[in-house]
Amino acid sequence: ACGSDDAGSGDTDKKEDDKFKVAMVTDTGGVDDKSFNQSAWEGLQEFGKENDLKEKEGYNYLQSNAQSDYRPNLNNLVRQGYDLVFGIGFLMQEDIQKVAEQQKDAQFALVDSVVELDNVASITFKEHQGSFLVGLVAGLQSKTNKIGFIGGVDSALIKKFENGFKAGVLTANPDAEVFVQYAGDFNDAAKGTTIAATFYGKGADVIYHAAGGTGSGVFTEAINRKKNGEDVWVIGVDRDQFAEGIYDKAENKSVTLTSMVKRVDTAVLEVSKQTKEGNFPGGEVVEFGLEEDGVGIAPTEDNVSEEALKMVKEYKEKIVAGDVEVPMTDDEFASFNK
Amino acid sequence: MLTSGYEPIKAYTALFSVIFTDSYFIGETVRQMTPLILSGLAVAFAFRTGLFNIGVEGQLLVGWLASVYVGIAVEGLPAFIHIPLAILAGALAGALWGLVPGYLKAKFMVHEVITTIMMNYVALHVTNSIIRSYLLAPGERTEEIQSSASLSSMFLQEITDFSRLHYGIVVAILGAIVMWYLLWKTTTGYELRAVGFNQHASNYAGINVSKNIILSMCISGAFAGVAGAMEGLGTYQYMTINAAFTGVGFDGIAVALLGANSAIGIILAAGLFGGLKIGALNMQAVAQVPPELITIVIALIIFFVASSYLVHWLRNRINRRGKI
Amino acid sequence: MDYVIEMREIRKEFPGIVANDNVTLQVQKGEIHALLGENGAGKSTLMNVLFGLYQPEKGEIRVRGEKVDITDPNIANNLGIGMVHQHFMLVENFTVTENIILGQEPKNRGQVDIKKAAKKVEEISRQYGLRVDPYAKIEDISVGMQQRVEILKTLYRGADILILDEPTAVLTPQEIKELIQIMKRLIAEGKSIILITHKLKEIMEVCHRCTVIRRGKGIGTVDVANTNRDELASMMVGRDVSFTTEKEPGHPKQTVLEIKDLVVKDARGVSAVNDLSLSVRAGEIIGIAGVDGNGQSELIEAITGLRKSTSGSISLNGKEITNHKPRKVTEAGVGHIPQDRHKHGLVLDFSIGENMVLQTYYQEPFSKFNQLKISNIFDKAKALIEQFDVRTPSVHTEARALSGGNQQKAIIAREVDRSPDLLIAAQPTRGLDVGAIEFIHSKLIQERDANKAVLLISFELEEVMNVSDRIAVIYEGKIVAIVDPKEVTEQELGLLMAGSKQSEKGEE
Amino acid sequence: MDLMQILGIIIPTAIFAAAPLILTALGGVFSERSGVVNIGLEGLMMMGAFIGAVFTFYGETWGFGSASPWFSFVMAILIGAIFSLLHAVASITFKADQVVSGVALNFLAAGLTIFLVKKIFDAGQTPYLNERIFKSDVPLLSDIPIIGPLLFGKAYVTSYVAIALAFVVWFIIFKTPFGLRLRAVGEHPMAADTMGVNVTKMRYIAVMLSGAFAGLGGAVYATSISGNFTHSTIAGQGFMALAAMIFGKWHPLGALGAALFFGLAQSLSITGQQIPLLKEIPHVFLLISPYVLTILALAGFVGRADAPKAIGKPYEKGKR
């Protein structure tokens, strides 16, 4: 970016310039949001380590404080000469598009959405597939046959979680009923608590949330109920949320049944590698599903029953093989359910 | 900054060099200033007439949506009609959002601070719901507006190295002039200010107090609505579903008060805010200073300026002379 | 000589002005000492210095012979100095007792012991004859009672030196009489009083000595027994002042204001004006005499459109104006000098220039097509300031910064200049010095002589008797008598105002 | 769902969601009753939530066990009071515009808390807390038939602490000499001054109390609802508390009622989506219902609210 730094930087930068450099722009959650920003950053760090890059020089990130910061941040990184710039989150789609149109020589990658330009690689995940697997667990392990799903904001992306999950639940347990509610907010823990209270109050004993910070309220409610002797579970999202659900530290007991993990780190690392090797997937949509280990079920399996694990394994194979097509939209779910 | 372990000289160089010398960041700073000026004007206008409008955030959102809607839905108009029409739509929507607290204040003495806070949340949910139900395009947002409604300019972008600078700054400065003119040069402004200072005396002088309270909130809301239109027609060209408030409305409170509720002051304060915010992004990039530090700096500047007797004195002088 | 208070060569400056310039004041024990001076002469400033609200630049203060340094009202309180301020220092939504005990509350297990406090208040109030209701809220009680609360505050704190800053400006004649009794009782108890007032009659009546200040400078101290009103007045103003307003007999013409069977309810919904009828003719001044609270304010508010009337009619020059909006009433030809100049008369944060067009800003030449003609407005204001001798640094000065007297002159200038057919003047001289009063009275008479109708409302009998051509006595919302000022005595008028019917006199 | 079931969900969640609002609004009552506008409640709450999360976390590591949240409350009260001093110094001593100073406080809290979180934890948020305030039955009271389980079953202690504090604050403000002076300072500072009440001192105390209460409110939020602290933990609750305070007419019990009303409206709007009849109403109407209900309530039967007379004006000795 700024003139002063370009001019006064001297030869250390020159040396770095020869190397392949990558960077990313976070959304307002910041690089350590315990969610996909953090996961993406871990991917970059891994890439840095593998290629012996220095943090802040060879690989870097910029945090956005507001939606309007995306574009200056993207521009800034391009102007600092990074060879590949990641935008994390579908909210950055428009900005990547514009910057990529203007900076034709730069290379971008966008996580969670698609930009059809030759200098942009689009990375998406098959969240519905992962959600299907945790749906199976929920369907099998629910004793009340009532299961809840809490979405952050009603959107196409979160719908993938909902529909995949519902399909999984019904596959494992056709008698189950799934309550669905969208909080309208990714950051309102109090709302999460209230919705969870409502679901549990209606008899649900497993709730899957895809609601970011609102989800922490779901854990709060579940822990409270567990402490008062109720048998309730939460299914975490994006990464292994076992720790969020711990209600008995000594015994390491958690209300987290399992979690649907989304391996943004894997995707970021993978695309960085390809690009360094000269195989930048520009103009392509790189999809990460069960097959690519882009989504899946969390490694902590303390609370998952043998039976469920077996079923998960079985369906994972079927999905990878293409024998089962997991629905992601409402329409697809409707026909799946027929 | 020294105490927090970052390199202060590098950081400040990063902050100031770009907002004064790098055309891209100059462009971005001005772009950032645009809605800040207008939301500052909205807060200041209400303040001048004795009302505290915390509802700029909500008025901005509805203004944004209305302008984008007109930008999308109306086709085949030349730009010189389409742009003003879309801005007007934003202003009207904002005014409508200001009307509710104004009316409740005038007729039922309901404190405008509560109603405007509540109207913010209503605006957030309603605009999101309208976009989701009627205007949704891929990416959790609306379609892009027609180019005939766009304030963005290839020319401005090119001279600023592809910043998002757009013609909205002209609108914002016009807004500042309008506020100044309206308040100090018209009988309407005379009435609004009189009601703001002393409702009893205004009533005695035959001024319709209720009407002026409502009018004041509407005009304030209109400024906020135009601020939203600047985001919709200029910066973004569309409206996203907002998971949370934009913050521009709340920044407007600080901008207005830092600018002593005067037109010139607001432009300067918005410049300071915009510069610091954009500079902060660069400080992060160059000197690895976390952007939170800039928020802290902004807060300290506000404290400092607000506490300074110099500003107090200036403000009194400006007020007394009845200019600007 | 032993003085209980001795202020020597006090100098107090404010930015751009010397409010007290080497003023010396010596008060003897057990006396009532008057402090006299024009509006803005520096009386309140001097007393605020004594009370510790201001720090003097120069000079020394001795209390009971001891040199003291009063840096805080607390110290003054501890020295036994109590002050009743010109503008009351009362918390409006507190009760009488709460106001009195504030800062020195009797406690009972951490709680304010209101019962005990109220009892103590009752005790003191009985001792000095200061009637108050300990549980009433300040906003609900009369100005007279508020005044008594202020005095009780000082007595509760055991003050034996009392400063009363213009205590009578806001009181009715009855209340003034009571206050004078109270003051006499206080000195009989051995207390000393410093009394600020513009009413020379009161000084002559109760004070022992009088110190005069003019434009910040001490002019001297005189024994009241050895002087008279005229001498005091000329000491204060620096020239001779006339007390009886000179005027030719009036020549009343056609009826301008006609009020028939008017009923107006007050804020609590009680009829304050009851079937009131009254007419005012061009070329006459009708004075309304009455004790505060007999419907005067509601009557004015009904005429001027600030309050709705429930029945009856008001017409101006034969045209109905009943329940018209204030602006329509103004445009029909009514001018109004309001009773409360800060609440109704002025926008204190506006410049004096802007205030001068409060009723006319929307008309030519002050605006056109919704645009203000700033230069016309300020030219007009300058002319009025000149003509009515409003003392202000400039037309751009905020009205707030002017002294009360000058604020009042500005309002009068604005209202008289429009030359309304009917001029309503409510307590136009409250708190003003004799020079200013003289000026305002002459303006009212000038209006009358220009064939306008003038309605004067005042609690001050002397004013009503001096200025009016006819006096209408208002009692419980009705005009109970109309009398000729030349044929009535103050005593008779006082009886009428108190509701006695026997001594009915006059034309109707 | 039957009615009891619905009430059984709505009422407890209303009460628990209201606790941070009640506490913060009570803080606002103190400050504004003394004549100092406190729009910085949001920032104070943010600071409280941050302190609550940090010290609960350290309490855990220092072995305070289940007392950790309570330890954090003490710290939040202390640090909240100290943090509010900035507002006090600027607006009381330097006579800064009180609204500006409050806004600055909000900015400062937003920046400082996250900055410190990053310094301390090297992450954008604090870790999840293990020791939190958990729900439990209120002994005896929860055994009362019907209303017992509704009002006292499975509830947070902090909710009842908040409600009890509202009564304590009411007592302090309306019954004690301190309260009398506080209100006098907010209504007519010059009168109070001439009666020997130290206006500056009273206002400092009031602002610091508002910091203490808002700090506690934030800490209660962090330890009972969110379970950690992030940049978005406190997002508007301080403004809602401000609204509750005004809604409650600057009266502690009024603020309590308003906060409970908000809580009830909020939980009704959420739970309503699972109630068969209300399910048919478009989602957005339920989302906005708490806010619309508040506006209607204000317009319908609460109406005029008189702020303390001297509010917003710095006190200058001898100024008229």
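Letters A, B, C and D mark the chains as written, and numbering starts fresh at 1 in each.
By definition in this document, a contact is a pair of C-beta atoms (placed from the backbone, for glycine too) under 8 Å apart; a residue touches a chain by one contact, two chains touch by 3 or more.
Since this is a predicted model, take the numbers as computed values, not measurements.
**Q** Quickly list, by label, the chains bordering both subunit A and subunit D.
**A** B
**Q** Measuring between mean CA coordinates, which chain is farthest from subunit D?
**A** The most distant chain relative to subunit D turns out to be C.
**Q** Where the centres are mean C-alpha positions, what is the separation of subunit C from subunit D, in Å?
**A** 46
**Q** How big is the gap, in whole Å, between where the Cα atoms of subunit A centre and where those of subunit C centre?
**A** Going by mean C-alpha positions, subunit A sits 75 Å from subunit C.
**Q** When the C-alpha atoms of subunit B and subunit C are each averaged to a single point, how far apart are the two points in Å?
**A** Centres of subunit B and subunit C (C-alpha means) sit 47 Å apart.
**Q** Using mean C-alpha positions as chain centres, tell me how far subunit B is from subunit D in Å, no decimals.
**A** Each chain's C-alpha centroid was found; their separation is 28 Å.
**Q** Subunit B: which residues touch two or more other chains?
**A** Where subunit B meets two or more other chains at a single residue, that happens at 125, 128, 244, 290, 295.
**Q** Please list all residues of subunit A that touch 2 or more other chains.
**A** 154, 184, 187
**Q** Which subunit C residues reach two or more other chains?
**A** Residues: none.
**Q** Going by the touch definition at the top, which pairs of chains touch each other?
**A** Between chains, contact exists in these pairs: A-B, A-D, B-C, B-D, C-D.
**Q** Contact residues on subunit D for subunit A in the complex?
**A** Touch list, subunit D to subunit A: 1, 5, 8-9, 12-13, 16-17, 114, 118, 122-125, 127-128, 130, 132, 134-136, 154, 221, 224-228, 230-233, 235, 266-267, 270-271, 273-274, 283, 287.
**Q** So in the complex, the part of subunit A that touches subunit B is made up of which residues?
**A** 1-5, 56, 60, 62-63, 65-69, 71-73, 75-77, 79-80, 90-91, 93-94, 99, 102-103, 113-114, 152-157, 184-187
**Q** Under the touch definition given earlier, write down the residues of subunit C that touch subunit B in their complex.
**A** For subunit C paired with subunit B, touching residues are 304, 306, 325-328, 330, 336, 338, 343-351, 354, 358-359, 361-362, 367, 370-372, 374, 396-398.
**Q** Please name which positions on subunit C make contact with subunit D in the complex.
**A** 48, 51, 53-54, 72-74, 77, 83, 85, 87, 89-94, 98-99, 101-105, 107, 110-112, 153, 400
**Q** Provide the residue numbers of subunit D that touch subunit C in the complex, in ascending order.
**A** Answer in residue numbers: 175-177, 180-181, 183-184, 187-188, 190-197, 309, 317-318, 320.
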